[in-house]
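Input: one structure, supplied below.
Naming follows writing order (A, B, C and D), and every chain is counted from residue 1.
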Amino acid sequence: MSTGPVDLRGVIVATALPYKENAKAPAGLEVDYDKYAEHCDWLISNGCRGVGPNGSLGEYSSLTDAERRKVVQVAVEAVAGRGVVVAGVHGPGWHQAKHWAELAAEDGADGVLALPPTMYRASHAQVVEHYTKIDEVGLPIMIYNNPIDTKVDLVPSLVAEIAQLPNVSAIKEFSGDVRRLFEIREQCDIDVVAGADDVLFELMADGAVGWFAGFPNVFPAESVEIYDHMVAGRFLEARELYRQLVAVFRWDSRTEFVQAIKLSMDLVGRYGGPCRPPRGPLTPEHTAQVTADTERAVAALKTYRAVAV
Amino acid sequence: MSTGPVDLRGVIVATALPYKENAKAPAGLEVDYDKYAEHCDWLISNGCRGVGPNGSLGEYSSLTDAERRKVVQVAVEAVAGRGVVVAGVHGPGWHQAKHWAELAAEDGADGVLALPPTMYRASHAQVVEHYTKIDEVGLPIMIYNNPIDTKVDLVPSLVAEIAQLPNVSAIKEFSGDVRRLFEIREQCDIDVVAGADDVLFELMADGAVGWFAGFPNVFPAESVEIYDHMVAGRFLEARELYRQLVAVFRWDSRTEFVQAIKLSMDLVGRYGGPCRPPRGPLTPEHTAQVTADTERAVAALKTYRAVAV
Amino acid sequence: MSTGPVDLRGVIVATALPYKENAKAPAGLEVDYDKYAEHCDWLISNGCRGVGPNGSLGEYSSLTDAERRKVVQVAVEAVAGRGVVVAGVHGPGWHQAKHWAELAAEDGADGVLALPPTMYRASHAQVVEHYTKIDEVGLPIMIYNNPIDTKVDLVPSLVAEIAQLPNVSAIKEFSGDVRRLFEIREQCDIDVVAGADDVLFELMADGAVGWFAGFPNVFPAESVEIYDHMVAGRFLEARELYRQLVAVFRWDSRTEFVQAIKLSMDLVGRYGGPCRPPRGPLTPEHTAQVTADTERAVAALKTYRAVAV
Amino acid sequence: MSTGPVDLRGVIVATALPYKENAKAPAGLEVDYDKYAEHCDWLISNGCRGVGPNGSLGEYSSLTDAERRKVVQVAVEAVAGRGVVVAGVHGPGWHQAKHWAELAAEDGADGVLALPPTMYRASHAQVVEHYTKIDEVGLPIMIYNNPIDTKVDLVPSLVAEIAQLPNVSAIKEFSGDVRRLFEIREQCDIDVVAGADDVLFELMADGAVGWFAGFPNVFPAESVEIYDHMVAGRFLEARELYRQLVAVFRWDSRTEFVQAIKLSMDLVGRYGGPCRPPRGPLTPEHTAQVTADTERAVAALKTYRAVAV
């Protein structure tokens, strides 16, 4: 249900995590908290509603427990009340997810993003238990359907069951099957949030009320602009812009999405940098394609700006 | 490309095929050509652009060769120039598909609908050869992407290659992945046609220019109305109607779609009737669900009409 | 059950079908019945138990109805009572499969091989109905589990149900999951037949009592020899030979199996020749690999013979 | 290659992990190290070659880092040199897997079992890097192919590449596709180990030289007996016993394998007990089936013993 004090709507950015080289750090890469703070600040300054540390894009599963906690603390401090911080609390079992949610609450996050059990084909009852335990912490919850990465598909009937928990507010839909939106909305009143950049247009046309994904790391202001068009029902205006960006947005749904978004950040003058294992460098072919897709998006935005003025 | 003399846009109905009992006919069911002619006439009279005999919905693979040909002849005669007849020419090999296309041309059809090879995981080169041979016949071609039913996925790069054939005009997209539309349009100018009823709204929001599917067999006038709203950019009006029909539309994407649409036809006072093998009767659970979904759609339409007046 | 007058055990060859060029024939290829008769005779002369016309390997779905029937007639005449003829009666609906079974009976075949409905995800009840109707014809039936090519998986509990039909004698297991054998045997006493060349060793070790597949078209005598070793419990002797042939046998489980087996036939001095659409020529890479795998098998057999003498 | 000082052949048991209730422990369950030590001792006393702590069966991903390390230490102490300890070092990235391997070495383990990156569809190059880094630790490595649980399939060509690392000794094959064995052996000389209980017979018939899986937790002495029969080429004797146990062995390949094996342990008078999240209790249906399958196996073994004597 979405009647809690804090909703999780709007453009919330699944933040990428910058590293700096340090031979003594895991895999030779130390989390660069300063750069991360600066990035969170920049996103908020560019109109985003909030940031989402420790999502898949934030490489949470490659961090130590201490690093993972500090990432949230840095985000909370950087956002400083100007937006929401929605911390990823993904884990194999609820005892782990709930632990991360407790730390998030203690550290001042505004909400949590939670996959079902990440490494086990949990039954519906076990998925409901997983969210029930996280719900006990009291923070608003965005559940996350990602049947490509987990073994569980949060099908509409299951969503409706989970949505009865008092703090469950929204679902980040990443299944790629946009038909889910109408079906979910027939069964409950949870907020549906576009969870992949390359179905943003269709899901918002259907009635999604949020966008939690990757490319706003690269184009925050323009992302907010598309989002606002859609919310206002200016679908054709949004489509005209969207169709020129969607080629690069597609990288958000590909295996190499973290590396691709970091490269795209580098290309537009931000800092993306390398990933920790298991994410290695992009192949030359992928690098070339991300570059071409980013450049095409940048050029389209330039034209758009010129016309808009 | 879509520059041929006849485009295949608009609402074209993949027609269901009525049978009557006859112990001597295959599986005890004889094709009822009279009822079929009446149905084609009714669809055109209700504003549909055309009819599509011998699609999957028309149970083409359960017919004898003679029956399959006659179905097209009856459709052509019934439509009588008031709309287009787009005949299904699906077959395992191109020698078979081309043969059906030749008969369609001889019998006065306006275009053909063609799956890739139906029973073999054909390579891209073999798929292109398949369509090249059908293209030689000269009728406008709507290619059909249905990776759920065939073993071949007409991915955007392959579509772009096939679209270079002079008579290929449109693609019926049934993959369920609406992301395909923008990607196809980036690579070629083929007309994209919504090929499943339950992604109609999203695909038309994206820019589809036709609808070739099933539930217009049940609700032809209302289907045309939704379609016209979308073409005119009245997305919110279309959505309001669509979201109340989409529950029944979902049956178009389910295994039992032929039986479900025939039952839905029966429920609204038309004639659907039984199917030939392998399609057996719906289970009681399915029957109840189709009935509930149809009744909900009918009620929504009644309210809509009342408000519209 | 396997108590009927004719069992379908032993090495039965899913026969490849030779064509000769003829511009007026479908796709320019006419069935070469003389060569086909000679091939059937050669297989029987080399110790095979029987032949299986109109299997997938026999390209049944690319034939006209008249050709399909004549292929069985030629096989029956060529075998002339020295072995069994097991005709493929695959079809989308039971009315079609039963029709082919009736013709097979009329034309003197000894049994039929039958897939479940080939193009529809039939329910268990519909699959049972399919076989029930074929069973009425009276010929011994080998059911065929090929969930890679059809949409239906004949899981052990379904096999047990079908096995209650009086004429169902055996199951050709092609799922690739050898675990099925013990599970099927726990539930019924149907004969399990190795249905893919590259699981022959494991399935016979488990207790399979037949081999119905492809590479005996190329190596009939040696195939019978491996089979006889297994039946006699000489597993280590069989394994020594099998492990040197299995690389070429793997082609029986690949998409291009028809083309590959025909090439392999050409390479050992038999006639394989081209395929009708949709099966195009092998790519150069595939041609090279089939050639290498065939040559390795031939060399291994030569060594084996030298040692055996 | 398998020339290192310690091979990883024979029956090595992926040990289940016992818990005791403790409201303050994660999910209310504290690891019962005493019971675990006793279990390791019992397995070695019953003829098993070794134990494998921190496999999937050992619920490694539900443990804290401290618990995970101590489990290995307890196993090493309990085995006390009478067999081998092969520690699971699974992790999302190599920095994590290598860290666990370093601790295993420090704590006296004899080898490690390592999945590829567990949560990412790593490229072949990234998989090779993962194992290269683990290899630097110096312990013998059993790589683990489990494409059902991870996103990576260690196909034979990739296995051959990894097998060139100096400490890679064996592959635990869990894909379920027994065809892999011959194909792997054609490409390299790595030891193939049966990695699922319900393909043990087929893989050992093919030439596997080890068994690393679950039901030896329940039936260690009898498992060793089957194994020894196979190694000695007494396939028919092994099959007679195996076919009566395989119904319960199948639980090793099911989603609920941990719960099922623990229940089976309880049923034969050992201690299995509950699991940590995400693994909840078995449904009543599953409980009944595991019970029936275990009881059937026990009865078969009783008969076998009576006859053997």
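Going forward, contacts are C-beta pairs under 8 Å (C-beta built on N, C-alpha and C of every residue); 3 or more make two chains touch, one makes a residue touch a chain.
Predicted model, so just to flag it, every value in this text is computed and none were measured.
A.B. asks: Can you name the chain that lies farthest from subunit D, using the mean of each chain's Cα atoms as its centre?
C.D. replies: Farthest chain from subunit D, going by C-alpha centroids: B.
A.B. asks: Could you tell me the distance, in whole angstrom, between the mean C-alpha positions of subunit B and subunit D?
C.D. replies: Roughly 52 Å, centre to centre.
A.B. asks: Give, as an integer number of Å, the spacing between the C-alpha centres of subunit D and subunit C.
C.D. replies: Chain centres of subunit C and subunit D, defined by C-alpha means, are spaced 38 Å apart.
A.B. asks: If I count partner chains per residue in subunit B, which residues reach a count of at least 2?
C.D. replies: Correct list: empty.
A.B. asks: Examine which chains touch each other and state the graph shape they make (line, ring, star, complete, other).
C.D. replies: Contact pattern: a closed ring, each chain touching exactly two others.
A.B. asks: Okay, what are all the chain pairs that touch?
C.D. replies: So the chains that touch one another pair up as A-B, A-D, B-C, C-D.
A.B. asks: Enumerate the contact residues on subunit D facing subunit C in the complex.
C.D. replies: 176-179, 182-183, 185-186, 198-199, 201-202, 205-207, 233, 235-236, 239, 243, 246-247, 250, 253
A.B. asks: Any idea which subunit A residues touch subunit D in the complex?
C.D. replies: 26-27, 61-62, 65, 92-96, 99, 117-123, 125-126, 129-130, 149, 255, 276-280, 283
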